[in-house]
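Next come two complexes built around chain A: one with chain B, the other with chain C.
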Partner chain A sequence: MAMLSDGFDAIVIGAGHNGMALAAYLAKSGLSVAVLERRTEEGGGLCTEEVTEPNFLHNLHSNYHSLVGICPVYDDLALHDNGVEYVHPAVQMGSIFSDGSALTIHTDMEKTAASFARFSRKDADTWLRLFAEVSGYLDLMVRTLMYAPPITLRDITRALASWGVEDKSEFLTARLRSMSVADFLDRHFENDRIKAMLAFHAAICAYQPHVPGLAVTYPVLLGKITNWQLCKGGSHRLAHALMRVIVKAGGRVFPQVPVEKIVVEGGRAVGVMTPDGFVRARRLVASSLDVNQTFQSLLEPGAVPARTLEEVAGVQYQDASLFNVHLAMNGLPRYRAAAFDPDIDRAWILNLGFESLADFEDEFASVRAGRLPAVPRLNAAVNSLYDPTDAPPGMATGLLRVFAPFALADGGAEAWSREARAYGERAVERWLGAMVDGGAGLVRRWITETPLEISQKMINYRYGDWMVGRIHPKSLLENRPTQELAQYRTPIPGLYLCGASQHPHGYITFAPGYNALTVIAEDLGLEKWWAQV
Partner chain B sequence: MSRTEFDVIVVGGGHHGLTTAAYLARAGLEVCVLEGRHEWGGALYTAEVTAPGFCHNIHANFMEFLHVMPSFTDFDLPSLGARTIYPEVQAGMPFRDGRPPVLLFRNDMIEETAKNFAVYSKHDAEVWRDLKTKANLFEPMLMAGLYTPPEKWKPGDTLPNPMLAFQTACTMFGLDEELAFKSVKDCVDEMFESDEIRALLYRVAIEFAAPSLEWPGCGYFFLFACVLMPGCWRMMVGGTHRLNGAMVTACIREGVTMREASRVRRILLEGHRAVGVELVDGTRLHAKRSVVSAISLKDTFLDLVGEDHLSDYTRRRVKNYKDGPDQVLGSVAMALHEPPHYKSARWDPRVDQAWYQVVGYDCAKDVLDYCRAGHCDRIPELPAAGIWINSIWDKTQAPSGKHNLTGWYFFPKASALTEAQWEEVRQTYNARFLALAGEFAPNMTRENVIADYLHTPLDQERGMRMREGDFGHGAMSLDQLIGLRPFAGASHHSVEIEGLYLAGSCMHPGGGVTAACGYNCVKVMCEDLGLPAVWQSSGRFY
Partner chain C sequence: MSAIYSDAWYDDMKALINGSPEFRKQAPRQRVVMTLEVLGDGASPYVPQGQDVHFLVVLEEGAVQEYRPLPERHDGKGLGFRFTAPATVWESIAAGGVDPITAGLRGQIKIRGDMRFLMQNADAVKILVDLYGKQISTEWPKGKPPYG
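Let's turn to the complex of A and B:
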């Protein structure tokens, strides 16, 4: 049995889903592999804990998985056979508006269109055309944009031009590269609430609606609007499945073995230092951590070119984190807006507070100024609607999320400990206010999770940034995290990057790990047994 | 889930279930283990319940059987991540007035304990030296008893008598045989004269598997919990959940199919034979050879099998099986800036480095009153606790420079209080403990506490499905031990339902991280099913 001190062919730093997926592929390719994890549990953002009461399963970070069935990793690693089960909620999302009306997005697009039509017939038709068009090239877009090392924006534009997309497509144009999501929505839709619903979808994927240039990838995002899936029994189950694949293939996962240094000899990464001593990596070290940790904390300054260090120091993180409230409840919520649209009671993810594109502008302006909006705008998810096993029989688990600054204008990040309870109360009140009878007797207990706590628990999420790097044209594609580091290789031979700092970004995409694999397989001459995207 | 047929289905992925699954897979069977929770390991549970990065073992903490546990070596668990630390000062009791502390050292440091005891009583030091020397000598024999299944019994046979083994143990230690019939308190009082030493031994006894201090017939527990076990306690690096991680890895490597978040609704029977299970989502899994239940006795028979399928005898014995009151715990967790620094440390600074710190009692009677409260369905007036701060030895269990205090209160059964009353306890009791602890260690102030958490017996019952919050899965009293555990007709790991085996802590030797209930079940199954004796190992006689 391999001990740490024996060394491995490959060492992966960090047991998030990207690192574990890479390790699984490498182990299945015949390499001896160890994943070293600082935390007590493997999984990174795949983190499910009973933080309110026993038997109430709360997904603290990753909750919606939108690439099931699209991402090649699920099949390559046979994750379903290894114990992952997904539920595909029929009512994916909804919005409740202040006048008691509601919108719902269904897996059945006709139903979505019917819901939209109550607000605008024209927008409903536009939506159907848009979704049909996007569905036509979604696979191609996802493959070229996500499951391959990044190409440049210029190449994307060129490709669109050479395919004659402008002539064939109503929605895809070269102009998207300078447009924001809000611009895109203003251009094609007329109803404020429909625009708000669609912008909400972007915002919770960290695509802030008013950032210029993000419209380029918005069609891909829209194409997945019906594919939000719920990992049954908690997101952490996906981590269990990954661990089983790794171990079956002869690899190992070591939680609570923090890497203190990446050891470089003769300019090459040859292993890592842990509290238990040196662990040799005979062929490669892959870091799934944020680049600040990798280059500033784990490598000796002398081992990294000055220019690389300088660029890493300039990597930008999102200016909006999340404030979470996790609730244990005596049952499922029933909304007053169900009188308008009964399906709203079955909506997995709910927008409560964004009613127009201007609301998003206001929201993110507040957040950037370090202020908390007096009335929190909520993103509410009740997983128990579709996975009743996440709570005791008849009861339910709830999650409220609010965009929030990492540092408060008054007192900085530390001030969260002072504000958390009161702001949590406001969030809970707002939610209950939308329910029949004010949700009387529904809530058993709730706890808050502040941006500061998020960053302390998952230190990868610097400044509470769960995307591990901002979603901005200057920090995406060939610029993520920096131009030099964007292709998963580093200036230090033998050291690769495979985490959410890399293209495409955070979220349960598996893409950074998968793309790092592609590069590593090339460098090492591994035979590609997995399906080629 | 793709596969639906296996040779054996194990219900329950606590350490006994995992142990059973790993051995049976090694014996060549196709094994599936099902866990109702989203996480494996049952009470091998480590969670950040206070603040990010603070790992608290709110169930099992003191790994006292690893050095004798067959599965630990058979599956090479240390190489799979189950690494241990063996703290020198195993237990310590500081005092409010700054009197010298009572300290109990590791098995290999008998003289240090004797020297410490001599501060209060030379006589007690002598007694300890004598008892502990014998305990070290007899340990393999006594431990072997844990890893041996009781004989098969059926109505009409002579009833097994646990007292015979206990009497023998007393004789081995050169004690009067009658001591076996005494209570733990009587034994401690007879052997030790110092009130301070008695206080520590009482407290150590109640939390380490000794039934109520004042129940007769428990002399053996004096030997076991006060003498044999203290000194054996090992800490799992990274938290006790790491032992689970190693066992899960072992199971995967042996080819066990593992399904978490898969709660079983019932055990499927054909006539009197168990043939599979049905999950709460309706999925049916078939077991060609056997179903093993490694969950609680009542859950197995009353919920999953159904009492209609039981003989009158089995139904009576299952329904009347006792949970609590002697091993019902509430867990306290605190994220600290610095560990307690006790007034008593001026006599011996090592009290600050005692792994198990008994805090809040001034005398032995305080401990007795504390236990009596729990037995009378009351929350103890004196908010004392037994605590540990693992981060003193293991830096991975807390953020840099910070500390993770975890500990146990001895509480009444879950059913003794209403949910609202438990909530009241949750809101108030930690603050009361902290105020009391501050009188023993002045740095234990509110400012030193970053965040705190209290896990009540009701939480233990709901979360871990330990009925009444009894961490032993059934009282460890004379009437529920060895051949009488859980009752005579089931003590050989099966009842009248063919193909159904029992491997949970309701079996001999009971609660605690022994892996013995699972191991013993494997021994019985290997014989019944004609499997190779994969549990055998050269040099091990049990």
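Let's turn to the complex of A and C:
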């Protein structure tokens, strides 16, 4: 078995899902590969821990996997044969409104349309046309916009214009480039609550509904609205599967081996320095860390062109993080709104508090101002509804998330230690308030996780940004993280970028790792066994 | 005019494309190998259900170098693109009854390959699909789509 001192063909820094996927492909291509990980466990955001009580499995970060069956990595690496099992909840998400009504989104679009029709028949019809249209080109869009190194938005819009797509589509128009998700919803839908439900879906994907220009990617998001899946036994199972593939292919994952420096000799990346000494990389080093760590902490300033450093220093992060509450519960919640729509009790993900597009504007304005609303608006998930193995028999886990500032107006990020418990109580109270009998006796124990704590545990999530870079037209595609670094190569030969700082963004997409692989394969002349046309 | 899927039909198609000054102007210079897969769907009288027709198109230096039927499915080696659709869809496009871009948008044609290349050569793609759909003169000995 290869030791660190032997050196490797390829060294991947960071054992998040992108780094591990890249390592697995490279190992299966015959390279000797090592993944070096600072923490004691592989997986990065694929982090499942018993943080409340024993045998209650909580996904601390990655919880929703919406690219299963779409992302090529699952099949290429045979992850389903290596211990990963997914559950596809029939009621994907729902909203409970203050008047006791509810909306539900199902894997069965006819059921979704029926739910929408109770609020607006016209919107239900629009929804069916929209979903049918998007379903037609989703595969093409995903392969073009996610699982390929980025091309420019100009190239994309020129192509769509050349092909006359605007005349052939009800929903794809050149105007999407300047529209926000909220603009798109206002243009096509009439009912506030339906718009809020659809905007909620975008918001929990980190697409803030009022950011101009994000409508251009909204069709891809919408196409996946029925594909939110739950990793059975916890998201960390996916990390184990990736590790299994790497090891089977002869690669190694080394936990508790933090990389202190990327070593550059003669202008080329030749290895890394760890507390145990130098580890040689004969062909490449790939960093899955955020671009700031890679360039500002791991490389000597003299090794990087000044212009590159300047642009990296200007990389922007999301202005909204998450405040999490993880709950151990004595059973499943039952909502009063089930009297209106019984399916709401089976909704995996729940919107509680966003009732119009204006609510999102208000929410993100508060976040940007560093304020905590008196009544938190929640994104609640009960995984045990669909995966009872994540809790002792008859019991359940719960997850509440609230968009939150990294730094509070009064006291900055450190002030979270003062506010967390009280804000957590407000979040739990709000949730219980929507339940039958106020959810009496349901909650056993809960703990909070603040934006500061998230960023301290997951150091890639600077400022608690789980997308590892803002979701904004100026930070997507050919601009992510900077124009110079957008193609996964760096100005330092032999050094590549494969983390969520890169196109397309964070989340369990595998796309940054997969796209880095495409570029590395071209540079190294690897046979692309995974990309047979 | 040549019968669909006949050798002469493939030759006509090649000549038509190479005779287009617009295509020669817009076409990529590098070698691009594509295959079209026509899947028997039970409606087409030309491709029985369960059987497939495959043909190969090779572009290089702004012209079609090869446009010919294949005896079997391309194994993917050296292939840049694979376009797959039911026979009725392809034949409806060739008959001018279905717009190929619309068929692509609706997922009726499955496209495998680097979409970035297609987008970056969008004008050439447009000319090509227009030629295929609107200008090829085809004989339909067993009837023309839409099929009853």
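Here is the rule we use: the second predicted complex is superposed on the first by the 530 of 533 C-alpha atoms of A that agree within 3 Å, B and C clash if a C-alpha of one lies under 4 Å from a C-alpha of the other, contacts with A are read in each partner's own complex, and residues count from 1 in each chain.
What we mean here is this: contacts are C-beta pairs under 8 Å (C-beta built on N, C-alpha and C of every residue); 3 or more make two chains touch, one makes a residue touch a chain.
Note that the structure is a prediction, hence the values are computed from the model and not measured.
Asks: Return first, second, both or neither, reflecting whether A:Val533 touches chain B, chain C, both chains, or no partner chain.
Replies: Only chain C is touched by A:Val533; chain B is not.
Asks: First (chain B), second (chain C), both or neither: which does A:Glu85 touch?
Replies: The answer is first: A:Glu85 touches chain B but not chain C.
Asks: Of the two partners chain B and chain C, which one touches more residues belonging to chain A?
Replies: B
Asks: Once the shared chain is lined up, is A:Ala148 touching chain B (first), chain C (second), both, or neither of them?
Replies: Once the two structures are laid over each other on A, A:Ala148 reaches chain C alone.
Asks: Name the contact category of A:Ala159: first (chain B only), second (chain C only), both, or neither.
Replies: second
Asks: So in the superposed three-chain picture, is A:Pro54 touching just chain B, just chain C, both, or none of them (first/second/both/neither)?
Replies: So A:Pro54 only meets chain B here.
Asks: Just checking: does A:Glu453 make contact with chain B only, chain C only, both, or neither of them? Give me first, second, both or neither.
Replies: In the superposition, A:Glu453 contacts chain B only.
Asks: Going by the contact definition given at the top, which residues of chain A touch chain B in one complex and chain C in the other?
Replies: Overlap of chain B and chain C footprints on chain A: empty.
Asks: For chain B, which residues count as touching chain A in their complex?
Replies: Listed in rising order, the residues are 1-2, 37-40, 46-49, 51-53, 55, 76, 79-81, 237-239, 241-242, 245, 248-249, 252-253, 258-263, 280-281, 395-396, 399, 459, 462-464.
Asks: Which part of chain C faces chain A closely enough to touch in the complex?
Replies: It is residues 76, 79-82, 99, 101-102, 104-108, 110-116, 118-120, 122-123, 125-126 of chain C that touch chain A.
Asks: Report the residues of chain A in contact with chain C in the complex, numbered from low to high.
Replies: Interface residues on the chain A side: 133, 135-140, 143-144, 148-149, 151, 155-156, 158-159, 162-165, 168-169, 532-533.
Asks: Using the touch definition from the top, list the residues of chain A that touch chain B in their complex.
Replies: Interface residues on the chain A side: 1-3, 40-41, 48-51, 53-55, 57, 80-81, 83, 85, 232-234, 236-237, 240, 243-244, 247-248, 252-258, 275, 389, 392, 453, 456-457.
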